[in-house]
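Report on one structure; see the data block that follows.
Note that the chains take the letters A, B and C in the order they are written out, and that residue 1 is the start of every chain.
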Amino acid sequence: MTDDTLLSVEGLCIDLMIGDRPHSAVTDVSFSIRRGETFGLVGESGCGKSVTSLAVIGLLKHPLIRAGGRILLDGEDLTTVSASRMRALRGARIAMIFQEPMTALNPLSPIGRQIAEMFVLHKGATWHEADRLAVKALGNVRVPAPERRVKDYPHQLSGGMRQRVMIAIALACDPDLLLADEPTTALDVTVQAEILELIRDLSSARGTAVMMISHDLGLIANMCARVGVMYAGRLVEQQEADSVFRNPQHPYTQGLIASLPLLGARARHGRKALNEIRGVVPAVADFPKGCRFNPRCERSTDLCVETDPDRTWLESGGFVRCHHHG
Amino acid sequence: MDDQHSPAVLRVEDLNVKFTLGSALFGSRRTVHAVNGVDLELRSGECLGLVGESGCGKSTLALSLMGLQLPTGGRIILDGEDISAPGVDRRKRARMAQIVFQDPYSSLNPRQSVWRTLAAPLRLHGITDKDEIRDRVTEALGRVGLRPELADRYPHEFSGGQRQRIGIARALILEPKIMVLDEPVSALDVSIRAQIINLLLEMKETLGLAYVMISHDLGVVEHMSDRVAVMYLGRIVESADWKAIFTEPRHPYTRALISAIPDPFGKGIGTKIGGEVPNPIDLPTGCSFHPRCPHAADACRQPPVPELEEIDEGHFVRCIRAREIGQGE
Amino acid sequence: MPSSIQGLSTIRILSQYHANLWIGGILFALIVLAGVFAPWLAHTDPVMDADLMNSGLPPGHDFWFGTDDQGRDIYSRVLYGARVSLTVGIGSQLINTVIGVALGLSAGYWGGWWDDFINGLTNMMLAIPSLVFALAIMAILSPGLTSLLIALGLTNWSFTCRLSRASTLSVKSQGYVQAAKVLGYSDLRIMATQILPNILGPIVIIATLGMGGAVLAEAALSFLGLGIKPPFPSWGSMLSDAREQMMLAPWISIFPGLAIFATVLSLNLLGDGLRDILDPQSRTRRT
């Protein structure tokens, strides 16, 4: 672990209880995020990306339980700290924004108050000071006329505005790490671009590291320096963003990129049938033995069906989990 | 296969759909002009992509085409017949146009087996011969890549992608000429979208269908459409064939939309345009886009609303400054 | 689709085995059987066999539940009384349900002035205490089984109507209902084949629980002399007869009272048990 590593997730395992039986929803996931870096976690439903972020911020609830591994924030193991210490860290050092701001914001409280709360709770400010800081925070997220908007209730704001409020709340106390779980999926495309730019600008100005979670490859590629690809609870590939796209190593990543109708592709190369990945994404209870991608993989062999591949480190500095990668 | 001379299977003329909000009693009635004077034409074998953000009216337009929303003005002519008149027989319309819904988890009746979902419409339309019904159901399932043995199962036994296929089979069973595809892959896992997209394209070729496809995913629109129409606040602001729209967009809104898409092989997040989509109740005067347009001039803010002009062959734009703004800016 | 998750508390285990459903179901079935086979199970004719020599006897070998002040066998009368209570309970609730569903479903589906009208009607019905309403109707009609069915059947549909309307509104927006319209189904066919099957769950539960209420209502009306007229046995009128004898011959009121209690309890348990099964969350459990 080098000096500029902020977050180090080592061998994280999370189980999902179905009935009385545990099923591994996230298996042996390890990655690290450097200070100020934007790291992307990309994958489809059921891959475990959201659950991983919940584990980092300590919000796993039954039926999800952490079954192993360590999460180190600046050397401090979050899996062993007390609940009150975790509460102190949440908001002050780690913050999170979610996909649907309407459910994340309190509908009965004016937004200014919700932002001010952060200052009162974590910085010991008085309500008076906190209100003033809240106006400033709202201005930072580029809400016009913030002195007036602080009195608004969430339902009076548009989707994009609410997301800005969430970002203001999350960044109020200058956390070191921001977890963003599909922050723009529910927004219109033009608003999405604005919000992403806002996140990018604010995080680079304050040196905040960002863990961006999404199913949208294009978004991840643009926002992030390094990208991890998750499938069925496993981190199957991790590389620099450029490399993931131009030189994907795992058959899943390759198949995914080849299956997307990317803007400009038809204009450049004419319409080609999209490459299909056969089969469906497995449910947690039905994860295949061996390599979890093997039923859908064209290169699958007996080895793949039997043995779950280990990590193969790549020259570029990333890794891939595949017996037949490349 | 674009055949410019094949007949228009669908023609929409000056379609208007207005909603009134507020109670008449207290005089606070306001009108939302969800679809505002839309003209469209669709030929057999063609896929028209309908693009726009929330509040643009594309969903309302789709519902009107399917008879689920009564228009307040204009005409919808399907295969030569005006189906926007209130007295039109549902069954007749059903044989001409069908719809595939966005959400595969709510578009199938959970209490009906797949068999019943597919066979009942046939019976409703007068087909009683058991063998014929069986053949047609098996054929429909086969076309969407599902084995006929699966017909006895219930929706909850299928995955999202399979449910969407069943929805497509249901839309096909009456052999319509037109299908409205409402965000056909948005609710599906990314890795199976290709299966459905390829299926839809293949069906269009083999069955000679025409599609009106609504999608917010411009990559899908570019891949599937022959022509594209861009909507903003109830009006079509640009329409052209797919290549023109994506390589030479002329309306400032279209350009903003396209450049806002994150391109994994490019570098930018996309250029943003200021503001949010305004409230459709308070339409700006003159061009509805002027509050957010980087090229807005005084003339743009004055009434009247600009007309759709043909600025290149087959390429229509609703912008008085379209020629001045030029391409590649 | 996510599988559902269960904890291990006792209540959870009980509900896993559907204790409510079994206990309620079996108990209710027994009561129904008792009523159906009353002529064979009873020892005497409940009306005619009244020997004043036997009046006021406590429960014993010949008369299992004792006799009332007229010398009639209470056990036989309780059995025959079951017929009345069950007929009224089930019958009136069926009428209520049919009316409530018809009005509520159509109101929710069509909306507009019909919906406004039904809502107004329902509001009025809900403002009148249903028992008082039934009382008033019984006072006008001559007492008897048919009148009871009419009185209780026409006054208790409001809740079912509201429930049907709300369920219809939420089902109406589902894709498959719109798909049915687009496929050419008529409104009536859509209501019957697409909406009705998908709203039945909660309605069946309410109907079952409502039966308990109807049994109680019949008992109350008969107690007041407005239901089944004596000498024909009804649990409610038996309670009324027993009023003066409460201290001296408690068995005259205990057994009909127990019968009412058991019937209503079984219906409540059955209703709860049905709710456990028909609750949508349990239904989407993946095996």
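Quick note on the criterion: a residue touches a chain if its C-beta (ideal position, glycine included) is under 8 Å from a C-beta of that chain, and two chains touch if they have at least 3 such contacts.
From a predicted model like this one, the values you see are computed outputs, not experimental measurements.
S.K.: Computing the C-alpha centre of each chain, which chain sits at the greatest distance from chain A?
M.R.: Most remote chain from chain A, centroid-wise, comes out as C.
S.K.: Of all chain pairs, which one counts the most C-beta contacts?
M.R.: A-B
S.K.: Distance-wise, how many Å sit between the C-alpha centres of chain B and chain C, to the nearest whole number?
M.R.: Centre-to-centre distance between chain B and chain C: 50 Å.
S.K.: Could you grab the centroid distance between chain A and chain B? Build each centroid from C-alpha atoms only and quote it in angstrom.
M.R.: 32
S.K.: Counting only residues that touch at least two other chains, what does the list for chain A look like?
M.R.: none
S.K.: Touching two or more other chains, which residues of chain C qualify?
M.R.: Residues 1, 286 of chain C each touch two or more of the other chains.
S.K.: Could you please specify the touching residues of chain B with respect to chain A in the complex?
M.R.: Going through chain B, the ones touching chain A are 53-54, 159, 161-162, 189-195, 197-198, 201, 216-220, 222-224, 242-243, 246-247, 256-258, 260-273, 276-277.
S.K.: Sort out for me which residues of chain C touch chain B in the complex.
M.R.: Residues in contact with chain B: 1, 174-176, 178-186, 189, 193-194, 197-198, 283-284, 286.
S.K.: Touching residues of chain A toward chain B in the complex: what are they?
M.R.: Contacts found on chain A: 44-45, 158, 160-161, 188-194, 196-197, 200, 215-219, 221-223, 245-246, 252, 255-257, 259-267, 271, 273-278, 280-281, 296.
S.K.: Give every residue of chain B touching chain C within the complex, in rising order.
M.R.: Residues 66-68, 89-95, 97-99, 101-103, 106-111, 117, 120-121, 124-125, 156, 167, 170, 174 of chain B touch chain C in their complex.
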